[in-house]
Amino acid sequence: MKNITKLGAVSALSLIIGASAAFAEDIKVAFIDPLSGPFASTGTNGLHQFEFAADYMVNEKGGLLDGKKIEVVGFDNKISPKESLIQLQVAIDQGVRFVVQGNSSGVANALTEAIDKHNRRNPDSRVLFLNYAAVDPALTNDKCNFWHFRFDANSDIKMDALTDVIAADDEVKKIYVIGQDYSFGKAVSAAANSMLKAKRPDIEIVGDELHPIGKVKDFTPYSRKIVSSGADAVITGNWGADMLGLGRSIIENGFTGPIYTYYGAGSGMTAAFGDSGKGIIRLISEGQVNPPPTPEASAYYDAFSAKYPEGNIDQTRISNTIGMLAAAIEKAGTADDVVAVANALEGMEYESMWGGTLFMRPNDHQLIQDMHIAAHTNEGITYTFDSSDYGVLVESTVEMASKDSESSCEMKRP
Amino acid sequence: MTNKDPRTDIPKGAKPSEQIMTDPSKASERMRAGSMTLTLVPWVVAAVLLAILPQLFTNNSALTIMNQMSITIVFALAYNMLLGQGGMLSFGHAVYAGVGGFACMHIMNMSDFFASIPLVILPVFGGLFGMGLAMIVGSFSTRSAGTVFAMISLGVGELIAACSVIIVAFFGGEEGVSGDRTYAQPFFGVEFLQQEEVYYLTAAWVIISAALMYLWSRTPVGRMANAVRDNPERAEFLGYSSRWVRYYSFVASGFFAGVAGGLFAINYEILTEENLNTASSGVILLVTFLGGVGFFFGPIIGAIAFTLLQTVLSLSTELWAFYAGSLFLATVMFFPGGLAGLIMMHVPAFKLGKAGKLVMPYIKTLLPGAIGILGLAALVEMTFHYRHAATGDDEMTIFWTTFDSHSLMPWIIAGALTLIGLGIARATAPALKDAWSEANSAGGAS
Amino acid sequence: MDLILVNLIDGLVTGLLLFMLSAGLTLIFSMMGVLNFAHASFYMLGAYFAYQISIALGFWMGLLIAPLLVGVIGAGVERYGLRRVHQYGHVPELIFTFGLALLIEELVQFIWGKNQMPYNGPEILNFTAFAISGNSIPAYKIFMIFISVGIFLGLLYVLTKTRVGMIIQAALSYPRTVEALGHNVPLIFMGVFGVGTALAGVAGVIAGPVLGTFPGMAFVLGSIVFVTIVIGGLGSLWGALVASLLIGWITTFAKSYNIEMEDILNGIGISTPENLDDNIFRDFWSLTSPQIADILPYILMVLILIFRPAGLFGKRIQ
Amino acid sequence: MSTPALELNGLKKSFGKAEIIRGIDLSIGKAERHAIIGPNGAGKSTLFNLITARFAPTAGTVKLHGENLAGLEPFQINRKGLSRSFQITNIFPAMTVFENVRCALLWSQGYKYSFWHLVNKKRDLTEGADAILDKINLLERRNLPAGTLSYAEQRALEIGITIAGGADVIMLDEPTAGMSNTETDYITDLILKVTEGKTLIMVEHDMSVVFGLADRISVLVYGEILATGKPAEVRADAKVQEAYLGAALEAEH
């Protein structure tokens, strides 16, 4: 009995896998991120931005290498490392040579290790890992490898830029650091402590704490501590529901200073903060949406909004990723030999439509770019988020942030 | 709560092999000999099938998915030792698999020791660690069954899952612990570089574990587990302590869960928080139930079906969880014996030699029914596409057909398919019912 | 000192909110033996319905209508789903509610999408009721307290002073007898399920603006509700109340004060090992109470089950 | 005099304020067939439950072959050679008839919590179970689920389970309750057959069964033993006549 079932099951399996393996001509990019479950909104939005970037920047302009198109294929990893590895295998079997992923450093870590092993064991089907959002510094330090490229600034770089801005603000005397209890939250906390100490020894860190990730129902007790501590500013690396819950709770309980966030905009958050977050929520990120940096960027955003009226471009690095990948493929003259493409990416300088120059640092594959501190507001906003009246407006910029920062990466090249 | 209600929890006839394979009129001697050969057949077939599958499906993803199925099979069978055989409902069984897996990862990272053992025996260590944890937790959780056991399992599961991000030294925090299986001592020259080699390793372990778990259910303590599940008090008056019977089942289940964790470690070379969390524990409950808790092979079917749903269906649609949820509801409402129960329902008809009578009525009812359901699924997909697809992106593809979801025609077609399909199924259902009772009644002319 | 008062109020709000969920669940659980995993999903439905209604008719209509809708859906689920599954026993019932929870989450995502909804409390309550040394207590929280206490008193009145309440209480302990006495137990079940889910709906309506209205909101609360009723003792309304408040205060205070494991261990005479960084228990030593605040209820539950399996106020171990 | 098989001393049990068993002293000799009779609510089943440690006594002791059973769990008492049936049929309904009996054999055959023996391969188990099935005339029903048997057959099976472990003290709680006359005769014969040479303690309402089976009879009324003795003595006892038999007779008319 079970054998028959299994036979049927496996034939169904091969049918489905086989069915979508038809287009070998296109350059396939596997997007491995959550498309279902609690983090699906971020993932789906990211997939839309990738698809749009591929169409708008490459395919509609005639493609690459004599007409090859970039096809972005979504793979639902349900934010599970295990599922990510299965989907990676499926993607590789479908002829994918480029993998993009960003949500969760845990998944990124699993993928980068798996890809390293896969490339070692299967030199015929090597793949590149283009990480567009996982910011754990380790990925370009101790755990770096030749196949991994990061297009977002890592959390240390972001903190470096952020503390530059804070250091310039004499009003700030007391800072509260709070984050989720896992590697990224700890990295943010460590970086904030060491960098503030170096740049502004007079600033007192009045609170530094971690809360369980994804489990806190009510942030009130934490906000009480923050308010009572007399902090002038809050720094948090929280994302998702933890970010919104924390932010709302802090504001609701009477805090009026700036809350510096890594992920405090988009994905419904901007709409949910609405008026209450105005003048309080700050976002540290790459890429500038408001005011629009270039006419090219405006045209791009307009076209995106026409296609996805409810979508945001809250990750400008996505178009940078596609743009740099396209440039690298053109330069290497091949989309099949990923080593050549990787070599082309290393050290590449790229003019982003979102402003500034991007530089892929060869020694650790970390992209160096301008960092911006933006404020959540409804004034002077051209491109709003979440179909609300609110968006983020750039207040200050750190150019080529952490260009000369140290990296412990010992790159092993094939 | 769970096992006090003898009428329901376990469908009648919890021991299929005995009922099916023994002829009541035969003497016990002959019966034993007969059942020996009969019991061996499925195992041999399964082993042969597992051996030739990679020849049929050579690509790595099929192998990966089959490995995932195998791991789930071992885990689900281990889980069913508790739920099906022992009547213990656990909400935190992932931790035993997880801890076994983490232990294996740490062994992989102990380079000297790992280089001195062949990879194939690594799951044994996983099993031992899973068993060790089960021995500790079982010492207080198996004192009673029912709600108390279920809730302790939930609490302990949550605690250990929470520890995974707090106790970084063992669980590696959010990133988990990773290693490289190829550093083990080569096994007859095999280094397990390729997915196919791992497949054979996993397949061998599936057969071994399944056989051992099957044999376990035939041992005195395995038999008494059933007795305690059905009637703990009576078991006490037969000289057995219900608590210790449950404890042994629990520990054995922990061992095989740990083996599953070890296989996971070998396949994925990384263990993370998700191997421990309550979602994984919930999934294995669903898998086991979907397959059918009343039959030994039920969880095997459940594992295969669920892995396909989760991995393959999610490649085709974002709504896979929606369909999975619907399937669970439908199963639990209409076939509480699970898929295995559904299959075993047909055994009497086969024994009476009347199964043939069911073929035509089945075709008449199930085919239109299936078409209707697919039509319904198409409507769901179209609604989803209509609502959530990008502006201007009107084209969508389902069932290898591409069309414009914003035009009326596809809606009419899908709607008509649904209505007609389900309508015919409904109309022919009474005939199927008649055929069913006809096929299941002994005697009768024709 | 002032902070203690603030924390007491915050813990009270959390606890009462939890109580609204656990009150319904404990009735359902003890009466029908159903571990209703979908209970928190009805809470989520309450929030989403209220959000949708509040767009058109304002918050107050949402507060009025959404719980009724949720209650009707709950009763329908009992009538057309659970009742059918009931004959198969408790595990299938549990799986049913499990699948239902999955399905409701998917449906919510299907209809409202995956983002957080901008669902806010009424403007009229958007002010600070009072402040204790810089910590403001929003009026909305006071409102939450009043609603919860009101519901508790109402429930207590119905259960102890009315005929229906008597029957329900009897059915909690002796369902067979009550049935034998000629009462329509299936109808009572449906009613209790409907009311229980409606209570969860109320909780969703008033918690949505504070704790966020998003597809994961049911999962976050999920099992903690079970923990509450198990700690309180199955079938005991007072137990549910006490356990809810206990959990509310324990978690609030654990988050508010950074009690470190090292201090506790040193306090009971275990000295910190040297070279803590190399010690395999280093993570254990550096634990702080906010880190484990949300798992404290689980520890409490396991301990209670080991030493007092009937729960704090429970009379029977089912 | 040899040690009695079962000896009760000052056994008492209260539930709250209600004293159900109010001090029972009873000694039952080896290989004796002893019946306990009494009107409804006299505490017969409670007495059974006290002896088998289903309830803990409020005061007093139970001795099995001279050994005090205080503090032992039911399964430990069973291992010492005391086995019982229940007033409400208490079998494993989902298992086959054969399986029911085989489970009852496991402990006494020394398999304990073994997971290195396969029950199907053990001839002693198969033959032992078949022998018992033969004794209780259920060999033909061997492979049916126990839950599908008729009521009388289920009672017979329960007796089979009770004696299977080889206990030398057998306690049967109303083995013929709710049976027709022919069924009662059938079960009575069965009990006679299977308890040959063993100590039997039974609670029974059917006087013909009691007087047909028992060597001695105890009359339990309101938690106290009114009289103990040979059937003829008990029948002749004026107190019993008055308190029990009379009342029973009155009720019948």
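General remarks:
Per-chain numbering from 1; labels A, B, C and D assigned in written order.
The working rule: a residue touches a chain if its C-beta (ideal position, glycine included) is under 8 Å from a C-beta of that chain, and two chains touch if they have at least 3 such contacts.
As the structure is a computational prediction, the values presented were derived from the model and not from experiment.
Looking at chain A and chain D, the chains in contact with each of them are B.
Ranking every chain by how far its Cα centroid lies from the centroid of chain A, the top place goes to D.
With centres taken as mean C-alpha coordinates, the chain found closest to the middle of all protein C-alpha atoms is B. Inter-chain centre distance (chain B to chain C, centres taken as mean C-alpha positions): 31 Å. Taking each chain's centre as the average of its CA atoms, chain A and chain B sit 36 Å apart.
One simple way to say how far apart two chains are is to compare their mean CA positions; for chain C and chain D this gives 49 Å. Of all residues in chain A, those touching 2 or more other chains are 40, 44, 181, 212, 215, listed in ascending order.
In chain C, the positions touching at least two other chains are 113, 291-292, 294-295. Contacting chain pairs in the structure are A-B, A-C, B-C, B-D. In the complex of the two chains, the chain A residues touching chain B come out as 1-3, 5-7, 9-10, 12-14, 16-17, 19-20, 35-37, 40, 44, 48, 52, 75-76, 78, 80-83, 85-87, 89-90, 92-94, 104-106, 109-110, 113-114, 117, 121, 136, 138, 181-184, 212-213, 215, 306-309, 311. Taken together, the chain B residues at the contact with chain C in this complex read 1-2, 4-5, 7-9, 83, 89, 91, 140, 144, 146-148, 150-152, 154-156, 158-159, 162, 166-170, 278, 282, 285-286, 289, 293, 319, 321-322, 324-326, 328-329, 332-333, 336, 383-384, 387-388. Chain B contributes residues 42, 45-46, 49, 53, 56-57, 59-62, 64-66, 68, 162, 165-166, 173-176, 178, 180, 182, 193-195, 264, 268-270, 272-275, 297, 300-301, 304-305, 308, 310-312, 314-316, 318-321, 339, 343, 390-393, 400 to its touches with chain A in the complex.
Remark: chain C residues 3, 6-7, 10, 13-14, 109, 113-118, 120, 128, 131, 133-136, 138, 210-212, 214-217, 219-221, 224, 251-253, 255-256, 258, 288, 290-295 touch chain A in the complex. Those residues of chain B lying in contact with chain D across their complex are 6, 10, 12-15, 18-19, 22, 24, 28, 32, 35, 215-216, 218-224, 226-227, 230-231, 233-242, 244-245, 248, 252.
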